[in-house]
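This is the structure, below, for whatever I ask next.
Just so it is clear, A, B, C, D and E label the chains in written order, and each chain counts residues from 1 on its own.
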Amino acid sequence: DILKVAVAANFKPTLEDLAEKFEQETGHRLLISAASTGILFNQIVNGAPFDIFLSADRQRPEMLKEKGMILPGSQHTYAMGELVLWSPGESTTLVELRDNKARLAIANPAIAPYGLAAQQLLENLGIWSYVESRLVKGASIQQTWQFVASGNVPVGLVAKAQMVDGDQYTVMPYEYYDPIQQDMVILKRTPHPDAAKQFVEFILSESAQSLIESHGYFSVVKKDKDGSLIEKALIDKAPIDRARIESALIKD
Amino acid sequence: MLITAIWVTLKLATITTIILLLLSIPLAWWLANMQSRIRPILEAIVGLPMVLPPTVLGFYLLLLFSPNYAAGQAWLSLTGSTLAFSFTGLVVASVIYSMPFVVQPLQRAFEQLDKGLLEAAAMMGAGAMDRFFNIVLPCSRRALVLAGCMGFAHTIGEFGVVLMIGGNIPGETQVLSIALFDAVESQSFEMAHQIAGGLLLFAMVLLVFLYSLDRRSGKSSGSRVC
Amino acid sequence: MLNISLQLPRDRFLLDVDISLDGDSIWAIMGRSGCGKTSLLRAIAGLESGAKGKISFHGQVWLDTDTQMCVAPEQRRIGYIFQEARLFPNLDVMGNLQFARQRACRRDNTFSFSHVVEQLGIDHLLGRRIQALSGGEKQRVAIARTLLNTPDLLLMDEPLASLDWTSKTTILPILRNLQKEFGIPVIFVSHAREEVARLADNMLLIDHGRVKLQGECRRLFISMDSDLISDDGALSILEADVTDHDEDHGLTELSLGRQKLLVNWVNAEVGTRLRILLPAQEVSIATEDLDCLSIQNRLAVTVETMKELGNRNVLLSLSTEGQTVQAVVTCRAVDMLGISIGKPVFAYFKASCLNVV
Amino acid sequence: MLNISLQLPRDRFLLDVDISLDGDSIWAIMGRSGCGKTSLLRAIAGLESGAKGKISFHGQVWLDTDTQMCVAPEQRRIGYIFQEARLFPNLDVMGNLQFARQRACRRDNTFSFSHVVEQLGIDHLLGRRIQALSGGEKQRVAIARTLLNTPDLLLMDEPLASLDWTSKTTILPILRNLQKEFGIPVIFVSHAREEVARLADNMLLIDHGRVKLQGECRRLFISMDSDLISDDGALSILEADVTDHDEDHGLTELSLGRQKLLVNWVNAEVGTRLRILLPAQEVSIATEDLDCLSIQNRLAVTVETMKELGNRNVLLSLSTEGQTVQAVVTCRAVDMLGISIGKPVFAYFKASCLNVV
Amino acid sequence: MLITAIWVTLKLATITTIILLLLSIPLAWWLANMQSRIRPILEAIVGLPMVLPPTVLGFYLLLLFSPNYAAGQAWLSLTGSTLAFSFTGLVVASVIYSMPFVVQPLQRAFEQLDKGLLEAAAMMGAGAMDRFFNIVLPCSRRALVLAGCMGFAHTIGEFGVVLMIGGNIPGETQVLSIALFDAVESQSFEMAHQIAGGLLLFAMVLLVFLYSLDRRSGKSSGSRVC
């Protein structure tokens, strides 16, 4: 079967790697359509012929569920994003950032999950008000990355998944922002529910998850003591770890 | 992959340009000769798609095409498929989006045409259609080429509407501009540069060719004043 | 037969015309610049949307505002030579001619392509771009184009204005032929009295949108009330029959009733009736019959009327053989020769003064 | 003084002209349609980029391809009345006139605004859109516009072609005045011999891009070799002094040496030298001195040359008082009266035939 | 928030349109009168921005503006600030993006102008500038209005480039089209409808007003033939 997969643009490179494996393993084919989560959501609501939707957030799948547009029980978190502070030139810290006049690139909190996370991080660290007027907001995390990569903004809060070998970056403490849960759903109108379920199973499989992890995401599954896979529930906020704060703020 | 995107793009741009010209030529002629007071209103309506961001225009087209609403429902029951996320839908959307860029230069050219020539043709027994095809269109050749180029180029470069309406489905609605966008988004800059370079080169060759076609009409009569 | 009853508002006056023009003759429209000549032609052609009234041609109604009837210009089969040439810039000269030829009303050989092209002297221009034609060349191409379209009625707006005399004299007979041989009515606007006298049978004088005078040229040019008649403009039009040719001297002898006239050689058979234009200026009066004068023509006439013109000249109307000859002489001559109404005198004019048309 | 030495390639020939036109006279350019008249004017004006050679005006060099010198058209202070009117469609009539006025070369009152507008009869048109003007109205506005621009040299391309006779006769004196009173040289193209004879002092006849004849009109119209001379075209130009006025008869008496001429009343003081056009057609020959004839003017002349014209007419050149009068008579008259070279005869012509300019 | 976006949008569109006209008028005139063989090439170059998806164009502009590259570095050392994410940068990007839509109708109008009028003006002593301002421009009035409208509308509707170059900074680079995009992205449809409706209404009023301005020149001379 051919599965039409709608994927949030940030996850597309990862999904392409996964797709190869999936196609080999199952013989199904994937047609990957990438766009921003908001666009994909609007398209799905208005009749887009997708089978599976890999969102960059948890909220849109939730909304689809409320509308009754998904196969019951098909919503799963498939990866979790991680924020990093990236300055390709001289490395910098959030403290320096608070005190100097440099611009800081984040994704737009209003429309991008990474943006929301960045805002939470900065607020929780108490430096939002310092940097707010210097923020440059990308419409997506990809754009935010481009702002920094092109050298137009010296520092940005981007996704770890975007970092490539040799990039110097600082991982931000995940306690300071709500987990960037990326959920997937199977759409109710899919003509290939079985293949779709196979795909979901595949994504949650250990091998897939380790590949996802290697692309810079938190894996969402852990092995149970008895070796069976369980879904990781990272919904509760982790307790704040003072030491991590210090290091995030001060370490260069 | 890229090959199919190129193919879809060329098909889309060509079909769209043809439909655009077929629709815009009579529309522009009608507007150009309209005596009514509502002409500026109609002209403004034709120009309106320009002021909406393409993605937003695409969004509203999505709503229009959606089976959730009357128009889309009607289309669905008529043809058995939705307009959105189909090649046909892309063509419809591109036509709407690029229409002003084709209608307006044509309308201006038609307005500037010397009416005396049409009177002369009429006196030789040429009816309205005859005059239109044998005088109006040949005399507006430059404007037709320009309008066609604008429509074609704009459709190739178009992206927001296509993304919204098309859904980026490879082989069906994934056009080059989206592939290019994807490449930039997924940091495949090598590929992005190649696609962008290829697009520019192709456009350059096409435009130079078309613009060279009517060298002759542009030739000056040797006057020193300009 | 063209019946016209028409109103068309212009900037400063209403063009208001009610005439019928017979189809077997050539009509000239004259009048001062801005009097409405072009407007009238355009209304006949159906080009003026503001025109109200009735127009019919050979019984076929073209316009009737009462019944909302209006035949489209392209269906009237009119040939219109505009004041400007209006050649199609997207076509070359040949293309312009072919455009007209392909849409010809009749496919008969009223005028063969090569004949028209040759007569108008545009054979060498066929491949040219319109932009590289001179003013007169454009005008000639426009005339050729219209002729090749073989219209049923020909309207011409100063068709010869920008042509040299040689071109004029070759084109005038073509136009006259159009009417005489093919029965195509011709209506043309002209400012040149000479042209009108040579070409037209009838005339319309327009002033501020109204027909001021209308009728046969030979009558109008004689009519004393006419505005056209300034002392340098009066013309007589005579009709005479060919009686003999004098090959030695290159002259043709005509008879006007019992009197004889000599004109420059005319290629016409004995018995043909000819039309002669005689400008009043050219006529001199003698009280005696003279033979020591180079003037070859002498008519015995009687003074019918005498009209003093503004500048101390006198316009004499002289009758002979049922026709009228006009002469302009000075007051002084009238005094010296004692010319008075009813007096028999001799009218002298040179053979070469006579234009035979 | 305008010196022109110029080559300009045209489609079928090279316009190749080498002339100097003196600045105190009015020059006419004649020639068949397409012979290069407009091209010549355009080259003088600096509008033809292909023109090669030298042009200078009053010592100022306008063009010299050797030294790469070329004065821009707008700096040549030329008034150019184009064959088409070329009014600015974005301005109304008043706007067109003001455009020219504001850029006038001299701010003196060579022509006051109201004077020009009135003379050209366009006062009622000032507020009009260009699109709603008749052909002749456009032509007159174009003339007014150029006059108001007070150029230093006036080029005119058939300026009066689409005008009626009344308009022509009011405009001709204005143009003549321009040269005579304000010393502005005038060069104009015309197809109408009448117009040329009335307006021009000198003439240029062009044929296929080359000057075929050049010189004073009075000489050229007499010259037997001239192409212009068909038997209906020959003209004599005489100069005579006013000697008396005959108010009773509305005549003016002129003296041509010891002989007298009578012409229609001329408003000129006694002693003024006038110029008279006398068409050869108008002149009759008598072997005796007659007094029973209405013809008022009689000159005792001697036959100088005789030239047989194509159509069995003879053109006589008659000398009197150092001037030349031409006459066209039929061969028959020559035979009958026994006219031969050296024979003294009398030339008769009507007072009203003479055009005084 | 929305108010500042409206303000920035209007400011951007107005300034961009003015700059566009100032640049395009001479450029179009130059192209229209160019005799050289390279004219089609230059024309094609002017048209090139059309074929690139705006976002991609924005991406390349981003590279161009970057201090990592020569051009951006030069600008930085000259002015002390980068072009990206500044209002100035937006203006520059918008000008580049909308240029073809302004140059091309102008060029066509200039080409169709009757050169005879310019010769007539020259003979009355009007120099090149005088002719250009007093004959060429007034005679191309309709095309100027059209070009201005296209530039203005396009700048208002422009979005991809602005998104890329602007960085969504309120009061500086956040324009209405982005606010509208944000609203659609975040499913705030209420707001999206309002902004879109307002934009359309504004554009409608503006365009109707501008197109009504030159009613007069459009008035027919009463001819029945068209």
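FYI, a contact is a pair of C-beta atoms (placed from the backbone, for glycine too) under 8 Å apart; a residue touches a chain by one contact, two chains touch by 3 or more.
Quick caveat: nothing in here was measured; it's all calculated off a predicted structure.
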{"item": "Set of chains adjacent to chain C and to chain D", "value": "B, E"}
{"item": "Neighbouring chains common to chain B and chain C, by label", "value": "D, E"}
{"item": "Which of D-E and B-D has more C-beta contact pairs", "value": "D-E"}
{"item": "Chain of greatest Cα-centre distance to chain E", "value": "C"}
{"item": "Farthest chain (mean CA position) relative to chain D", "value": "A"}
{"item": "Mean-CA-position distance for chain E and chain A (Å)", "value": "38"}
{"item": "Approximate Å spacing (C-alpha centroids) for the pair chain B, chain E", "value": "18"}
{"item": "Distance between chain centroids, defined by C-alpha means - chain C, chain E (Å)", "value": "59"}
{"item": "For chain B, residues that touch 2 or more chains besides their own", "value": "55, 59, 119, 122, 128, 184, 221, 223, 225"}
{"item": "Sites on chain C at which at least two other chains make contact", "value": "47, 73, 84, 132"}
{"item": "In chain A, residues with contacts to at least two other chains", "value": "39, 42, 146"}
{"item": "Every chain pair in contact, whichever chains are involved", "value": "A-B, A-E, B-C, B-D, B-E, C-D, C-E, D-E"}
{"item": "Chain B - residues contacting chain E, complex", "value": "33, 35, 39-41, 43-45, 47-56, 59-60, 100-101, 104-105, 108-109, 111-112, 115, 118-119, 122, 128, 131, 142-143, 146, 149-150, 153-154, 156-160, 177-178, 180-181, 184, 192, 196, 199-200, 202-204, 207-209, 211-212, 215, 218, 220-221, 223, 225-226"}
{"item": "Residues of chain C defined as touching chain D within the complex", "value": "11-12, 30-34, 37-39, 83-84, 124, 128, 132-137, 139-140, 157-158, 161-167, 191, 193, 231-233, 246, 248-251, 262, 264-265, 281-282, 284-288, 290-296, 311-313, 327-337, 339, 348, 350-353"}
{"item": "Chain C - residues contacting chain E, complex", "value": "46-50, 73"}
{"item": "Residues on chain E engaged by chain C in the complex (per definition of touch)", "value": "222-225"}
{"item": "Touch list for chain D against partner chain E, complex", "value": "45, 47, 72-75, 77-80, 82, 84, 86, 88-91, 99-100, 103-105, 131-132, 145-146, 149, 151"}
